[in-house]
Every structure is written in C-alpha cells, then in structure tokens.
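As written, the chain order gives the labels A, B, C and D, with residue 1 at the start of each chain.
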Amino acid sequence: MLNHILSILIFFPALAAMLGFIIHKDSIRAYGVAIAAIEFALSLWLWFSFDSSASGMQFMENLPLVPAFGINYILGVDGISLFIIILASFFTMIGIASLTDTKNEKNMIVTLLFLQMTMAGVFAALDGIVFYIFWELSLVPMLYIIGAWGGPLRIYASVKFFLYTFTGSLVMLVGMLFMAYFYYQATGAWSFAILDWYRLILPESFQLWLFAAFFIGFAIKVPMFPFHTWLPYAHGQAPTIGSVILAAILLKMGTYAFIRFSLPMFPDASVFFMFPIAVLAIIMVIYTAMVAYAQEDVKQVVAYSSVSHMGIIILGTFALNVEGITGSIFLMIAHGVVSGALFLLVGVIYDRRHTKMMSEFGGLAHVMPRYATIFGLMLMASVGMPLTINFVGEFLSLLGFYKQSHILTLLAGTAIIVGAIYMLAAYKKMFFGEVTNEKNKNLPDVSKRELLALIPLSIITIWLGIYPKPILAPINNSVESIVQLMHDKSITNEAKTRIPNLVKGAEIAKTSEQGAH
Amino acid sequence: MELYLYLALFSPLAGSLFAGLFGASPRTKIAGVVPSLLLLLSFVSSTVLLIYILSGGEKVHVEMMTWMATGDLYIPFGFIVDQVSVTMMMVVTLVSTVVHFYSIGYMDHDKGFNRFFSYLSAFVFSMMILVMSDNFAGLFIGWEGVGLCSWLLIGFWYHKESATWAANEAFIMNRIADLGMLIGIFLVYWNTGSLQYDQVFATVGSLDKEVLTWMGIFLFIGAMGKSAQFPLHTWLADAMEGPTPVSALIHAATMVTAGVYLVVRANPLYDLIPNVGLFIASLGAFVALFAASMALVNRDMKRIIAYSTLSQLGYMFVAAGLGAYWVALFHLMAHAFFKALLFLGAGNVMHAMHNELDPFKMGGLRKVMKGTFIMMTLASVALAGIYPFAGFFSKDLILEVGFVENHYIIYTVLLFTAGLTAFYSFRLVALIFHGEERYKLFGIHPHEAYKFMLVAMSPLLLLAIIAGSFKMTYFEMVTAVLPATEYHVHSAIAYWIMTIGTQLFVILAIAFAYKKYANNKVKVPDGTSKMENNLCYKTLSNQYYIPYIYEEYLVKPYRELSSVFWKQVDMKVVDATVDGIAGIIYAGGEKTRVMQSGNLSTMLKWMVAGTIGLLSFAVVFGLAVRYSGEIKIILSGLGV
Amino acid sequence: MEIGLNHYLVLSTLLFAIGLIGVMRRKNLLLLFFATEILLNSVNIAFAAISHYYGDLTGQLFVFFVIAIAASEVAVGLGLLIVWHKRHGNIDLDHMSTMRG
Amino acid sequence: MIEPVNVSLASLNLMTLAPMLIPIVGALLILVIDIFKVGLDKTLYVSISLLFLLMDFSALLGSAGVFTQDGIMMGVFNVMLIDGLAILSQFIIVGASMLFIPLALTHKRFHEFSYPEFFALFLFMIAGFQFMVATDNLILVFVGLETSSLALYTLVAMHNRDKSFEAAVKYFTMGALAAGFFSFGAMIFYALTGSVEISQIAAVLAANKYVDIAYVLVGVVFMLASFGFKLSLVPFHTWAPDVYEGASASMAGFMSIVPKIAAFVVAMRLFEFLIHSGVVWLEIVLYSFVILTMTAANIWALVQTDVKRMLAYSSVSHAGFVMAAILIGTTQSNSALFLYWILFSFTNLGSFSMLWISRQKHLPLHQMSDHSYDKFAGMVQTSPVAASIMGLFMLSLAGVPPFALFWGKLYLISSAVTGGYTILAFIMALNSAIAGYYYLKLIVYMFMKEPVMGNDGHVYVSNATIALKSIIGFAAIGTIFAFVALNPLLELITAFVYNSGY
C-alpha cells in the first residue's frame, strides 16, 4: 500500500466524492469530514514514512499512459512537495469541518473533495502532462465554488479567474511541448518526465524563451504583479472556504512550479531573469501593501496582503541559494497557514454581520475578546513576528536574497514596515475604539465549530515558529540537491558564480560575497 | 547554574501564561500575585547568577535547541550569562519585580487586570531573551518581542483612540528601525558566516573597513528605533498613553535601553569603526540636549519624565559611542533605578489626582502624600546627579569621558544639558509638591497610594541612593568582557574644578527651578502669558513641530498615494488593460458578425470574393514567381 | 482560321465567368439555378475539348458524370424550390434571411 | 475502332468496393421494403441501417487487416485506392454514423424519421463519403462528393420547418457553386497534366518542374474554394451557422464531423504533395486560412446567443484548427488530424445529442430560439446529471485536461512545434483560450444562474429515450476515459498514416 500511497492520496477523495452524490444531504457533512480526516491521516502517514534524510524523490510511481508520446503517470514526493500536500489535505479537512451552513452544502462538499484530488495531484506529479492535467483541473472546482456560492460579482470574478489562469497555462503547455521536443531531439525518445528534463542541458537562448513561456503560466497563478488583478475579485467574491483554499494552496502551485520547473530546468535563464523578477517581486511587496492599506473591505486587505507575501516567496525562490529557496518553501507553508486562518477569521465576522466593510465594525475587542485574540495572533504572524511561522520563512528568504543584492533586499525588507502599517490599521479599525455600531453590541464570540478550525492553526503558527526543524530539515535536503543540480547544469559564468556550489560551499559563499560588493 | 539560567528566563513566561489563562475572566488578585512572585523567583535566580559571576565563575553558556538550520545557516536558541548580560538581567528582573508588585495596587480597579499582568510578564520574558541570547537572531526575537508587548501595553486601554494610535505609531517606527537591524544581521551573516556573538566577533577583525562600517550603521539604526533616538524619537513621548507602570518598566528602565545594550554587546565591532562611534556619540549628545529642551516647557508630567529618559539615553549613547561601554552600561543601570522610581511616583500622583497630568493643576501635594514626595524628590536629585546619589557617579563619569576623549563640544553640550535636567526635574517636583493647592480649584481630593505600593518602590529608592557605591566592584566585573579604560582627568585640580563646577551649576539650576515654581504665585497657564506666546516656547511645546511634519509630509502622502495606487493604478490601469483586451476581442465579434447577414446572395458573393481574392493573389505570385528564390527566403520566415 | 484548344478554353472560361456573375447578381432562385448550370456546362465544354486534345477518354468521362450530377442537382434544387414556393409564395433570395449573425 | 479490352476479374480486386457497396445495398433494401409495406415503424429502419453499417464496419476491419499485411491496394481499373487514410477516415465516417443513426429514436416524433427515404438517403450518403475518401481519382471524388452532398441537402430539408428549408436552400446553392469550382479546378489540372488521378498529376507536375506554376495555382485556387466550402474555412464558411441552426441538432452534429473528415482526407491527398514540392504560395494561403478560420470563428462564437449556433461556429473554428495539420504536413501532424477528429467526434456527438434530447416541439414565449442560453439557466438544480454531462462536454471542447479533446489539441500543437511552426503553435494555444470563454458561458448558465420561471427541468430531457441516453453515456465515457485508449489509437493511426506515405 505504501508504494501506491500517492495514488491513493490523489484518487481516494475523488472516488469518495463520486459516492458523495448518493449520500443524503443531511449526513453529507459528516461524510465529508470523515473522508477529509482519512485523507489527512493518510498524508500524515506519508510524512511519517517519509525518509527526511534522503534528498531525492520518494514513493515514486511510474505507469505508462501514452508511451508512444512519452507521457507517463509518474508520481513522487520530496521535501519540497511533501508539506504542501499535507497542508492541502489539512485545509480541506478543517475547511469542511468549519463549513458554516451554506446552501446546497452537498455540492460544496463534493466539489471540495474533487478539489482536494487536483491539489494532491499537482504537487505529487512528476510528469509534465500529468502536472498540467491536475493544474488545469484544479480550476474547475474553484470556478464552481466562486461562481455558485460567491458574492454579487461572482460570475465575473469566477470567469476572470478561470480564463486568466487558463490562458497563461496554455502558453506554459506550449513550453512543455517544446521541452519534450528538445528532449526528443537530444535522445530520440519523447518524454515529459520532469526528472528526464532535469538531465537536459539547453543552450542559453532556448532557456530564455522556454523560461518566459513557463513564466507566464506560473506568474499568473502566483499571481505576480502585473497579472494579479484576478485575485482581488476572486477573493472578494468567493465564499470563505473558497478564499481559504485559494490562498492557502492554489496560489502555492505557481511558486512551487517555479522551484520544480524553472529553476532546475533553466538555471542560466533563472540567473538571467533574476533581477527583473526580483524587481517585480518588490513591486508586488510594496505596491500591493499600499493598495491593501487603501482598502475598505477587510477581506480585500487580506487578499492583497497575500499578494504582498507571495512577493517575498518569489524573492526567496530567486535567491538561488539554499537559504533563500528553503525559506521561500517554508514561507509557502507559513503563508498558507496564516492567510488561510485570516480568511477563516474574516469569514467568522462575515457570517455574523454579512458585511466585510471595516467601517461597519470597531471596538470588537470588547464584544469578541477571543476572536480579537486569535485575530491578533494571526496578524502578528502575518507581519512576521519572530517565533511565529511566517518569520522563519521571511527571514530566510530575505537572508537568501541579500546574497544576490543588498539594495533590492533593503527595498523588499520594507515589507515588514508596510505590512505592519496596513495590518495594524485594519486591526485598529475593526477591534479598537468604542463599539459604535448598534449591530455589533452583542455579537456572539467565536463558536466551538469555528474554534475547531482556528485553534489548530494557531498552534501550528506558534509551534512551527519556535521549532521549524521537522519541516526545515527535509526541505533543506531536497533544496540542496536542486541547487547543486543547478550549479552543475549552469553553463554561463554568471550562473556559476551566482548559484553556490555546495560541494565546497563556505568559501565560495565568501568569495562571491566579496564579488557582490 | 543552568537551572538558575532557565529559572530566570522562563519564570516570567510561566507568569505570563498563568495570567493569560484568566485573560477573558473577570479580574482576580491571583492573576497578579502569581506572576509577581514568579518574577521574584526570576530575580532571585538572576542574583544567584550575579553572585556566581562575581565570584569569578565562568560565563554560563547553554544551547537549548536548534531554531533554524539550513544551508550554512545555523541558529540555535542559545543563552549566555556573562558579566554584561547578568547586569542587564539584574536591572530587568529587579525593576520589573518592583513594577509588578506596584501594579497589583496600581491596576487595582482596572477591568483588564489579568490581561495586564499577562502582557507585562510576557514583556519581561522577551526582554530576558533579548539580553541573554548568545546570537543576533535571538536578540532579534527579543527585540521584536518587546516591541510587540510594548504595542500591547501602550494600547492597553484600546478604547482610547489616542492610545491605539500611539501603540501603532510605536510599533511601526520600531519596525522601520528593525529593518535596519535585519539588514545588519544579514550583513553579519554573509560576511562572518555565523550569527553567534563569539564567532562573529572573532572574525570581524579580518573584514574590510567598508563592510564593518555598514554593519555598524545598520545595527545602530536598529538601536535608534528601540532607544528612540532622533529622528525616530516621537513615539516615546506618545507611548505615555500606556499605564504608568508600563512607562516605568518599558519606556524608562528596560526596553528603551536595549539599543544601548546592543551597542555595548557589539563593542568589538564598534571598536573597529571609531568614526561610526563618534557619530553615535554626537547623535547622543544632540538628543540629550534636544530632549531636555522639550522637557523644559512641557505641561504633561509623564511626558516630561519621558523626555528626560530620552535625554539620559542620549548620555548613554555618548558613552557607548566614545568606547566607554562600561560607563554606558553603568549609567543605564543607575538610570533604570531612579527613573523607574520617578515614574512610579508619578503614578501615585496620577492616582491621587484622578489621572490629571498637568503639574500646574496640582501643587502642594507634599502635605497629602509624603512618601511619594520624598521618593520623587530623591529620584530627581539622583537624576540631577547630586553627590552621593547614583546619578552623580554615572553621569559625571560620562562628562569626564567626553572631556578625556577631547570631544569638548560634546562635553559642553552634556554639561549644559545636566543643568537643564536639574531644572526641569525640579520644576516638576516644585509644581507638584510645593506652592499652594491649585488642585482645589478642580475639586479633586488627592490621597496617598497604598502602603505596599510605596514599600514596593523602596528598593528602587535605596538603589537610587547607593547604586553609585558599587562603581568599583561593577568596574572590576564588567571589564572582564568590556574594554577596561579608566577615565580620569589627569591633573587632580582640573578634576576637582570640573566636579565641583558641575555640582554648583546643577544646584543653581535646581535653586532657580524652586524659585520660579515653588512659590504661591504660580497660576494655571491659560495661554495668555507673554512667555507662552514667544516663538521659542511654542517651538519647544510643539516638539519642534516634528510630529506635525511627520503627519503632514509622511503619513498623509502615504495614505493618499495608497488610495491612488488602488483606485487609479490598480483598477484603472492594470485591471482595465486585462479587461480591455477581452473587451476588444468581444467587440470585434460584435462588429464583424454583420458579415453573416443571413442573405444567401451575400453569402455567395463572399464565396466568389474569396475565390477572386485567392486568384488575384495567385496571379501576383505567378508574376513574381521568377523571383521565387528571394520570396521563398522571405516567406520561409513564416515557419519558425 | 482553325479553331484550336485555346478558343474552347477561353469560351469555357467566359461562360464560367458569366455563370459566376449570374450567381452573384440573381435574386431569383430559379435564375440562380440556371447560373449554376451554366457554370457546370462551361466546364463540360473545356473537358470535352481537352480530352479531344489529349486523345483520351477521361475528360469525356468526366463530362458525362458532370451532366448526370447536374441533372440530379436540378432535381433536388427544384424540389426545394417548389416546397419553398408553396410555403412562402415567392422564390426571392432576400426573403430568405431569418437566420443571421 | 477500339478493340475490346479484356480484364481478369481478379485484377479488378472488387474487394475494395465491398465497404461502399454494403450501405448501398442496405439503402436499396429499405426502399424495397417500403415498396411492399408502407408505414413501418422507424425502429425497423434504424435497426436495418445499423445492421448494414455494422457490416460495413466489419468489412473495413477486413480491409484494414489486408492493408496491414500488404500495404496500399488499388482496384477497379486503379480507380479505388485503399490506403491508411482511406481506411481510417472510413472508420470515422461509419463509426460516427452508427452513433448518429440511433438519435432518430426520439421520444417526440419528428416526421422526417417516419419516411424510410430518410434512412435510405442516409446510407447513400455514407457510401458517397466512402467513395470520396477511397480514391485519388478526381472524377470519383466529385461523384462521391455530390452523392453525399445531395443526400445531405435533402436530409436537412426533411426536418420540415421553415428554417430547415431555408438552410437546405442555402446549403444547396452554395454547394452547387462549390461543385462548379471543383469541376473547374479539376479541369485545369486535367488540362495541365492530362490526368485526373492525383498521383499522376503530382508525377507530371514534378516531372516538368512546375513550369506553368501560375496555372497550377489557379487550379489550386478553385480546389481550395470548393474544399474551403466543405471544410467551412473563412470566408467560405457562411453556410455553416445557418445550416446548423436550421438542421435538427442530430443532423447538425453529424454534419460537424462526417463530411469534414471526408473533405480533410481529399484535401490532404490534394494539397500536401503541392506543399512538399515547395509551392510556398499554398503554404502562405493555408497558413492564413488556418489562422483566419480559427480566430474569426472563435470571435463570432463569443457573441452568439444560441447554443447550437455557438457550437456551429465552434466546429468551424475546430476545422480551422485541424486544417493546421494539413499545412504542417508531417506524419505526426497527419496522425494528429485523425486522432483529433476521432476525439472531437466523441465530444461533439455528445454535446449535440444533449441539445437533441432537450429539443422541444414548440418554443415557449420567453425563448428566442431552440437552444438559447437562458433555456439552460440553473440546469444543475433541476437536472444535475444532465448538467454535469453537458458541462463535461463543454470542458472537453475547451480542451481542459484530461478530457478527450485535450489530447487531440496536445498532439496537434506538438506537431506544430516539431514541424517548426512556433508562432502557429502559440496562436493555436491562445485561440483555445479565447474559445474557453464561450464554452464557459454555457457552464456559467447551467451552474451559476437561477432557472427562468416555469422551467421545471423536464425540458432538458423531454426528448430522451434509452437509445439517446445510452448514446450520450457512450460519448461521455469516451470523453472522460479517452486517455486509456489513447496509446493504441495513436500507434495504430501513426502506423496507417505512415504506411500510406503521408
């Protein structure tokens, strides 16, 4: 069973969803929770049986799909994907568990289970086409969730979300086809297997074009600065659960793909595009933070804030050294937890008041102290307070990128300032001051069901902030192998110097540091 | 010894969590008493450690567990108790113990009682991490932790707009500085390959000047934020919105001195870059004078004390900047005692006066509250630096440092500031405790604070008086880790002249303050008097208009730019482009669908037209076929 | 002068052009069918001429098929035309545009 | 005086005719039955036609077996040409027809199905298509083309509503014009080469090094025009939307698949040798045809208000998409063409059948046309399964993996990449993105809107019978699990295409 655990992780929820159709709608929630819990347990088992010391792929599965065209059903996890898979199943679980009564709940839960399948698939896939299949498929349930349970603008938002991402990924698909074709030219056999592509050393010009093709797909998903405008709509209109999954997992697909595809496949291109992308990332950080500060809708604040944080993740990824990439991967997890929690929290107040306008609130700390406390905790995590989960990631990402550029890191570092500004402003508007609005006078504090979701998240936030090692170590191993691969593959001197050679890491680091001055 | 280390470190945390349990429930004494006792325990264990160190014991260094480890980076939760950190631990635990016990009385009637103690102990915990950590990352944890707690405590009365505003201001300003700190840390890591103090300071010697300078500058920027040095000073005065014990603990004794501690910690680094040191010193001198001047005219009891704190921090930085790290640390310690005392006294007064802060509305309180009167007077004496109080030894030492290091400008500035200090402290004392009972006009019936609050304050009083006598022992101790430079004016005569001169100057200032404010002719100013209207006074009372400038030229533009970014750029440019492309495609469809007129004859025309078009193209091509070679070359561009 | 292949080809081309113009200009369904017949038959002429020129039967074969098909086309076409006329009482193309866009 | 030629029956190789003869026999049988006994139920005719198509299919299997053994075979005075393309395309033609015939077994009765002629014509049409693809003789192509077309016009007309007649007339008239173009084009080639066999033509032209290229081009122009009409390439597509709208949904679905594959095969035979012999002109023209057809049709589909009309435009766009394969002209692209078309026929069959079962006899007032979008609003609430299946087909058409059409797109775009047509590849990708919008529009209506008043959901299955449902189920399964059959299919197609020299 253990050597097919990934397939089980992927298809178990899908099958369960199929069965879900025949279950009566009164008992569907229990069913959904049970399935999600089993899924989560499975993913934990995956972690348990995962060999943290190994850097390569584990639990590999390989099954020919279209051998004539080199498409195989290849799965596997390493330190990079493992925790995102766990996070996904975790969020599906608490998402369903904390689902506040929605109209035709049944469809929602079935959809969520399908979504879970696609998410597990994306992060477990090791074949370009299989990856692409799940990548695209994940759009459909999200489209339905936003479009069917969303706010007044839901249709515009969902269609925009779908088409925007769809367009980007089609360009990416062409890139993949080129990659496969180059592999075919090099070896005489078609293959879409990522691990095969890793072995391919391309001339720099090809790398640049392919990098660009993949970049469009990923950047729209992340979403990076000029391509980010679908996100506020999607978040603004989506129901709570939709935003939670979207922010916690779906956005991570983009950043994950950067690390899984762009970096190891095109090391020289990555170096070439490092600074332009870093500039974009910094724009994301500062600009979106300012936009977030201007919002009147608390959910939009959180939405823009997650764009801002994705900027740091991108920056860490393109630090191209172990510290940075490890940091960015850790920050993916961290941001997943924190932004997910924040969206849940927004949902809590939305269920009570059916508005997300901050002007409607004020002085909530009087009426809902527990709520205020948890919100405060997540707020502090979001602004990167040490000993919370976010800090580890942000610290490492920035630390990593500092190696590449001082001034850019200084600019990106302003994240800790601007982030504090919009978050504290929002918190002040909502929780501090006297209770002015009559409707807020006697709101009930967070209920048991909501705590069911929030307490675990709070615990994770603190625990991983204090003791990130169990996650950091496996990530680190896998990242080291990737960085080494990049260094060995790279052909330009620029790349050779930018990407550290871990075989004799220390003094390389020193010398290139001197160089960077 | 490690046991004591952990006790000292974690008992505040335990206290905080314990009080936190009662966070939501109505206030219970227990939630206050237990944390205070736990802090006492922490104090005791710190004392044990101090004695151990004093008795020539090795420095205690423990590594609890790994925090972050990736690539070459390795950051443990490591703690070190050496001469420097133990001093800080003593100061922190002592003052905070006192403040805790004091607060049990002070917060007696507040409904946030439990919350308060939870926050307060949490603060102490972060402060302990800050001073005990053995690496920069750990320091940064504490650094941010105290920032968080200070945010919580300044905004403790979150229903007050001003309080929450001040809290956010403090947090954000500190964040600005923390960025500098962070960059400093990155510099340290990428140049020395580690963040552990010992390894870092072992390798700094081998680095080139430029890098070191940048390190020094960025780390000091961090210090500037926490210690509220110009231009990041405005938050400290506003932070007085918090409960008075908080001001006493955080904004006088401990947190604000973290910056000084950082510079002292990093002394091997700053020794290598004297020019940065000089900058620090000059800034310190400037701030000393700057703050003191603002204290002269202020009409808010707590703000006056806050400015004096600011000014004293300036002194410390002068010492630290000039390389007299032990002096800085010594003044830090002494200052902690008497300044905390002063604040707590002020707290009593506030209680008595029902949170009235304007000293002009008090007067003659010495009759009703003797204890407080004595304590505050003595504290002010110590602050003014009269022999043999603590202030004399620490502050005059700094003056001497300035003199001996031949920075006469700094020396003069500091000397003058000493006079100002004496003046405004005693202006305050005089206004509060002497003269006629102006408060009667406002129908207030003041009363002395609880006995045990006074008792709780007494240790501070004692130390404020005798702290100076430890000077030599202290010197012996810390110079084990800090550069042991004796600062003595070489000729004895000069020394005596200086000392006595200073004393006379200070006493004159005091006398002047008394003469001006301790008489019965003092009226509650109503903004009409000539003095209040002259420019100089206005400038001072408006804090040189700096907060105004920040509001006008930083905050407002940021807010406006943000909304422009959102409404104009994001909505009208970025998003509009995307929708525009889609719109163009769709409109293209709407425009061209008329081609499908549904009329058969048009359809046939289209077919024929298409054929004709192809034909003509064929003819053109057929004519051009003799140039087909070239054409092929051109057109082969279509494929690939 | 002697009538060569080219004359036939030119003639057929002319006829074809006439047919095309008819197809474009005629609004009356019946006349439209005539035009298409002209088209096909113009081709027939050319085929016959060419096959004579090459001296093999394929062209004439083609001609026969074209004639047959033209005939059946007319059958179908007239059928449709009659039905349409029954229903609408006209055979004008311009009334035949209920579906558009 | 021509002395009589005597030929041995064996050399005629009549086996090659078998697949075409079977449906003709079937048609005749139906007519005969009708002569003796009038007014028999349509089920009989349906089953007869199915039976004969089945036989046809097995005959094809036979010839496929022969082909795999000893390659291409000629027959009947070398008029018949049975190569891989012929067999593959016949498989598609007959298979698709077998799936469409049962659509006659509707719940409501439409009176075209009560005529046995309907089924007879249907079978004749099939035979015509088979002739069309199974030869490289332009005469036979012409005959096949016209047989099938004439039958098709009649079938469209038989739906017997005003719109159907209008559609039939339009289709017929333009078809006649196209026939004229074809014959003219054929004439020119005959004039140039003295032959009407494509292989001969190619040989002769190659022999004289395309000296009179201008005339060749003129011939090509007319061929392009006539096949442009069949394949509905812009601007020869104008009949498509109207005819699809006028015809019954089942017939429209049929038209979107079977005639086109036949035309594709002929186009492949006719144009690829020209492209390969370096007629850059044709390359440019096809390139522009492909892009124009894809894009324009997509853009027009965006603005439609009727689902069937939208699907009409989408099929036009798909045709343009596939036309790229002929432009690229590599073995991979040609196999991609067949693969794409097989998968496309599954999905399109499904979606048109979904429209077919939701067909009412009389329009409600609020409804503009038979299948206007708002008719499908809120479908998920009233009949969730139907909605999900329809959504599935839409996703497949949009090329969302892993559904059938995605694989077709994948392989076709990949062939563009390997063929060196980078820009074309990107344009194809972006067009699929545009297309995404109008397929999504239907999904949005079905899943995210509230139903219009008085729509109890019965309308969506008003026309459904077991037969129709099973057809749809078949299509759905084919669409979902395409990837299972993909590998064998791909290998088979590639082998066939490669062995017939394309």
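Assorted remarks:
Heads up, the rule we're going with is that a contact is a pair of C-beta atoms (placed from the backbone, for glycine too) under 8 Å apart; a residue touches a chain by one contact, two chains touch by 3 or more.
Computed from a predicted structure; not experimentally measured.
Among the chains, the centre nearest to the mean of all shown protein C-alpha atoms is found for A.
The distance from the centre of chain B to the centre of chain D, with each centre set as the mean of the Cα atoms, comes to 77 Å. The distance from the centre of chain A to the centre of chain B, with each centre set as the mean of the Cα atoms, comes to 35 Å. Taking each chain's centre as the average of its CA atoms, chain B and chain C sit 96 Å apart.
Centre to centre, using the average C-alpha position, chain A and chain D are separated by 44 Å. With touch defined as above, residues shared between interfaces to two or more other chains in chain D number as follows: 169-170, 173, 177, 241-242, 303, 437.
The set of chain B residues that touch two or more partner chains comprises 582, 593, 596, 598, 600, 604, 608. With touch defined as above, residues shared between interfaces to two or more other chains in chain A number as follows: 163. Pairwise, the chains that make contact are A-B, A-D, B-C, B-D, C-D.
Only residues 20, 23-24, 26-27, 93-94, 96-101 of chain C touch chain B when the two sit together in their complex.
Those residues of chain A that touch chain B in the complex are listed here as 160, 163-164, 226, 228-230, 287, 290-291, 293-295, 321-323, 326-327, 363, 365-366, 369-370, 373, 380, 383, 385-387, 391-392, 395-396, 398-399, 402-403, 406, 409-410, 413-414, 416-417, 420-421, 424-425, 428, 431-434, 466-469, 472-473, 475-476, 479-480, 505-506, 509-510, 513, 517. Every residue of chain C that touches chain D in the complex is listed here, in rising order: 9, 12, 16, 19, 23, 29, 32-33, 36, 39-40, 42-43, 46-47, 50-51, 54, 56, 58-59, 61-62, 65-66, 69, 72-73, 76-77, 79-81, 83-84, 87, 96, 98-101. Only residues 23-24, 65-73, 137, 140-141, 144-145, 148, 155, 158-159, 161, 164-165, 168, 171-172, 175-176, 178-179, 182-183, 185-187, 189-191, 193, 210-211, 558-559, 561-563, 565-567, 569-570, 574-575, 578, 582 of chain B touch chain A when the two sit together in their complex. Across the interface of their complex, chain B is touched by residues 169-170, 173-174, 177-178, 181, 213-214, 217-218, 220-222, 224-225, 228-229, 235-236, 238-239, 241-242, 278, 280-281, 283-285, 287, 296, 299-303, 419-423, 434, 437 of chain D.
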